[in-house]
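Below: one structure, written as structure tokens.
Chains here go by letter, A, B, C and D, matching the order in which they are written, and residues are numbered from 1 within each.
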Amino acid sequence: MKVGFIGLGRMGEAMAANLLKAGHGVSVYNRSPAKADALVAAGAVRAASIAEACQSEAVLTMLADDTAVESVVLGDGAILESLPKGALHISHSTISVALSERLAKAHGEAGQAYVSAPVFGRPDVAAAGKLFIVAGGAPESVARCAPLFEAMGQRTFALSEKPEAANLVKISGNFLLACVIESLGEAMALVGKAGIDKSEYLDLLTSTLFGAPVYRTYGNLIANETFSPAGFAAPLGLKDVSLALAAGEALRVPLPLASLLRDRFLSLLAQGGADLDWSAVGGLALRDSGQGKAG
Amino acid sequence: MKVGFIGLGRMGEAMAANLLKAGHGVSVYNRSPAKADALVAAGAVRAASIAEACQSEAVLTMLADDTAVESVVLGDGAILESLPKGALHISHSTISVALSERLAKAHGEAGQAYVSAPVFGRPDVAAAGKLFIVAGGAPESVARCAPLFEAMGQRTFALSEKPEAANLVKISGNFLLACVIESLGEAMALVGKAGIDKSEYLDLLTSTLFGAPVYRTYGNLIANETFSPAGFAAPLGLKDVSLALAAGEALRVPLPLASLLRDRFLSLLAQGGADLDWSAVGGLALRDSGQGKAG
Amino acid sequence: MKVGFIGLGRMGEAMAANLLKAGHGVSVYNRSPAKADALVAAGAVRAASIAEACQSEAVLTMLADDTAVESVVLGDGAILESLPKGALHISHSTISVALSERLAKAHGEAGQAYVSAPVFGRPDVAAAGKLFIVAGGAPESVARCAPLFEAMGQRTFALSEKPEAANLVKISGNFLLACVIESLGEAMALVGKAGIDKSEYLDLLTSTLFGAPVYRTYGNLIANETFSPAGFAAPLGLKDVSLALAAGEALRVPLPLASLLRDRFLSLLAQGGADLDWSAVGGLALRDSGQGKAG
Amino acid sequence: MKVGFIGLGRMGEAMAANLLKAGHGVSVYNRSPAKADALVAAGAVRAASIAEACQSEAVLTMLADDTAVESVVLGDGAILESLPKGALHISHSTISVALSERLAKAHGEAGQAYVSAPVFGRPDVAAAGKLFIVAGGAPESVARCAPLFEAMGQRTFALSEKPEAANLVKISGNFLLACVIESLGEAMALVGKAGIDKSEYLDLLTSTLFGAPVYRTYGNLIANETFSPAGFAAPLGLKDVSLALAAGEALRVPLPLASLLRDRFLSLLAQGGADLDWSAVGGLALRDSGQGKAG
């Protein structure tokens, strides 16, 4: 399939590389062109503009946030203006429910197809082609994505014909991850202050009831207070929790855990944590109890 | 080994039955004697009193709460007065850190050995002999428990020489479970109000990042709002969260998630939920968002 | 002074009436023209458009929210395009810090003066000319407002040369009021469930430590659960708490009480409380404790 | 009237002095006898024991907490054993609802009268004889207290025939004060980080909607971060918030603000704040936002 790929951060680059490997024709575009070099060396075509990347059956986007997506999709000379009628925009970014609704409406009016397809998985998972993909959109559009999704992910979940539902699921998933971080932070502050070894404690947890990898991954980061370098930076954590709260506000759903997490992230950022991994919010419970490296 | 077993609720009965099956000599005692009938039929000796059950190498207790344990251990004619010097008290109950400290001191002064050994696992897990046992106490005392623990559990974690550390670990584990319940309740309130099927959503979660059985177990209960009959009743949930808060207060460890959960449990109980499963706190987020059977 | 007044809700109408009484020439505009009738009968000039109301030394606006202000100030044919160079826009609305910053910038570039002057006081206070006015802006611009402020208020506080600082102060004041509501709701749930008469309790509070009128006003509403008709409707309360949270997010200031209040307002609105007074959030503590008319 | 007074801390000493001034015969007792010296010099009789102080028509107690009251009332040779039948115990201490219930029962069984009469007011208010007294007990017993209350306070509120109701009211009042502290801390963190002068801001608040002295008192302490010396120490604040939570737990009343405050107090104490005034919890919002002397 002939596709364009816009947004070559660590996630996007890995995803585009897997499309290439699977034999798709990929033209790549990134605002800082140097990020495309490795992919071009691997066989991708360098697009000089968003418009050029849109001369495809489908254009995939993997961008940082709402602002970036608005600019790349709705700006002058951007995707909405450039994508041929009938072609497909697959948006992988973690964006707000509200923006996804706007994109769905705009693409619909322009005669373009739109699938919202946020992913679960960190860059190493993306590189391995093992992402979980949550797809929202018209069934025939989602069906057209299948060969691409197969190249990038291990499984696709098509939950709803509404594209924005996929965004909500992604947002809620990140909210649940943040809950794991906060709860582990509090539990470790409690047992740690009683003199129990935090790593042995974590081993007990993950060997018994909490066998999911997320407990091991985040538990280790918190037990060792290893919050740098960031796999997923704290400001992105704040962004996602805020997206959950915004969705909740629009739907009239109070989310007290998300409120608590938002305050934690703000506290972390106010105190110099902007470059840390988002699991550093789990370290705040240690600090508040007079423990921790920063205690 | 010749042991006494006091406290034959659903957990205690299953544990005593496994001791019998493993060939240990078990004399059983319960305040309501009828609860001992099945075990006696299976080969246990009926003890007429706590004191009689204490004529053993070790006495095991599995009781509801601090009040019951205080009465059975520290009351007139109770374990402390009845257990021979050098014999062992193994306390499996989920009790407070403070009471466990008192028991350790009292048994030590009486020349008795004391191991605190709370367990993770519901009655069906106990019946299968697959409990996880967290043991705290002097290493030589914990070692003496090995043939008993092997009969009742699949693995023992000996984290600390302080008996009360085992209680803290157990309490913190139940706190983490309650966090899973609350976070799933909020996430389902959010996606449910957007029209996403909650069971499909849960399937996605547990197939991807949240593969631990606790997510599936509690997620199903919340998705279907099946809070009755109670596997673990709401008042016990409140008890355990309160134990976490009490331990945190003594150690000067703020636990904002536990505070939130305590308020949730009180709200549930104030509104008639005393007979429901503790996962019903996950239904409060549905109610607060104007959804749910009680919405 | 010759002024225009845009936005004739209950607050705006009372404020414009006081300007008239003080001898100022007032041309009035409202989207629904009928709201201007009484003022015109009292001597005001009916402006046919925003632009017409802007043919003045100063234009005052008193509008519902950011959306209304954006439209009336920044829209086609709106204040920014219509107000003469050197003339003054006095914005009394409770709007976001971010929008107030945008207005300051836009007016500055257009050579117009801008004073942000939100007010404290309900409609009866406005009618009595007893508002408290918080003014932010260049000192010479604020000075020009003096004869107008004297007609409408009992005292002006000029806290900062930055217009948006006045908005932040107003927002924080409403946040503090909401805290009073929530704390009274919880205290009354507690003493009420113990059988203490809530009105006698309130009398004790306001006769001793909590003598401020806000405690009496909101305390009575909560004690009697008289949440209708709304003096200040619940959705406006949510708006103001959300403005506080948005300002806190921009400044990296966690506000856990505001987070808690936001969830309370969402819960209230999700359960049919959109037409109630914002003090109805104080009734949620009653409900959660199994009391209250809706208990 | 001939009375005994037990507990001569700063509050108790000032209250006993006012009884003396009003002409009552006062025998005084304190665990550390030196604290009685000034009162003895002013005409009080030094009691050598609790029993001696009980040889009176009434014995008044003003003690630190539940533990002290339990010991002085229910211990060996303590008030319950020493007070004549028909004599009166007036308890001014801020104690738990549960303990007050136990005292009422015990005194009733001993044929003694019991009035629970906690007070509002700091030591300077006590010295001026201007306390507010909340009295709970049988009307005839409360009536007997009148000449004493007149000497110590400016007004008595008799809310309930149940002594423990007075304790609940006192506890709830301190909870409301703590809410004022927390809300001012958050509001000042917000406006302070925007560059607004906190003292000018406080002046605005107290000149407009928040005219109660508690806003001025605590607002000044927070604005200036003057948390030492302690007028009311942080551990006492934690004690009172915990009493509110305990009462709420017994009554099944969730109190989310009290939960939040409890966590704040624990955080303060965990980080070395045990000697600070309880208003220091208002400084935590400053710290969490990266401001404050400790920021």
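Quick note on the criterion: a contact is a pair of C-beta atoms (placed from the backbone, for glycine too) under 8 Å apart; a residue touches a chain by one contact, two chains touch by 3 or more.
Keep in mind that this is a model prediction, so the values were computed, not measured.
Engineer: Among all chains, whose Cα centre is located farthest from the one for chain C?
Structural biologist: B
Engineer: Between A-C and A-D, name the chain pair that shares the greater number of C-beta pairs in contact.
Structural biologist: A-C
Engineer: Please work out the Cα centroid separation of chain A and chain B, and write it as a whole number of Å.
Structural biologist: 38
Engineer: List the centre-to-centre spacing of chain A and chain C in whole Å, with centres computed as mean CA coordinates.
Structural biologist: 39
Engineer: Measuring centre to centre with CA averages, how many angstrom lie between chain A and chain D?
Structural biologist: 52
Engineer: Of all the residues in chain D, which ones touch at least 2 other chains?
Structural biologist: In chain D, residues 248, 252-256, 260, 263, 266-267, 270, 288-290 touch at least two other chains, as defined above.
Engineer: Which residues of chain B touch chain C in their complex?
Structural biologist: 263, 266-267, 270-272, 288-290, 295
Engineer: For the complex, which residues does chain C have touching chain A?
Structural biologist: Answer in residue numbers: 242, 248-249, 252-256, 259-260, 262-264, 266-267, 269-270.
Engineer: Which residues of chain C touch chain D in the complex?
Structural biologist: Those in contact with chain D are residues 97, 120, 132, 134, 155, 157, 159-160, 162, 164-165, 168-169, 172-173, 175-177, 179-180, 182-184, 186-187, 189-191, 193-197, 200-201, 204-205, 207-215, 244, 247-248, 251-258, 260, 285, 288-290.
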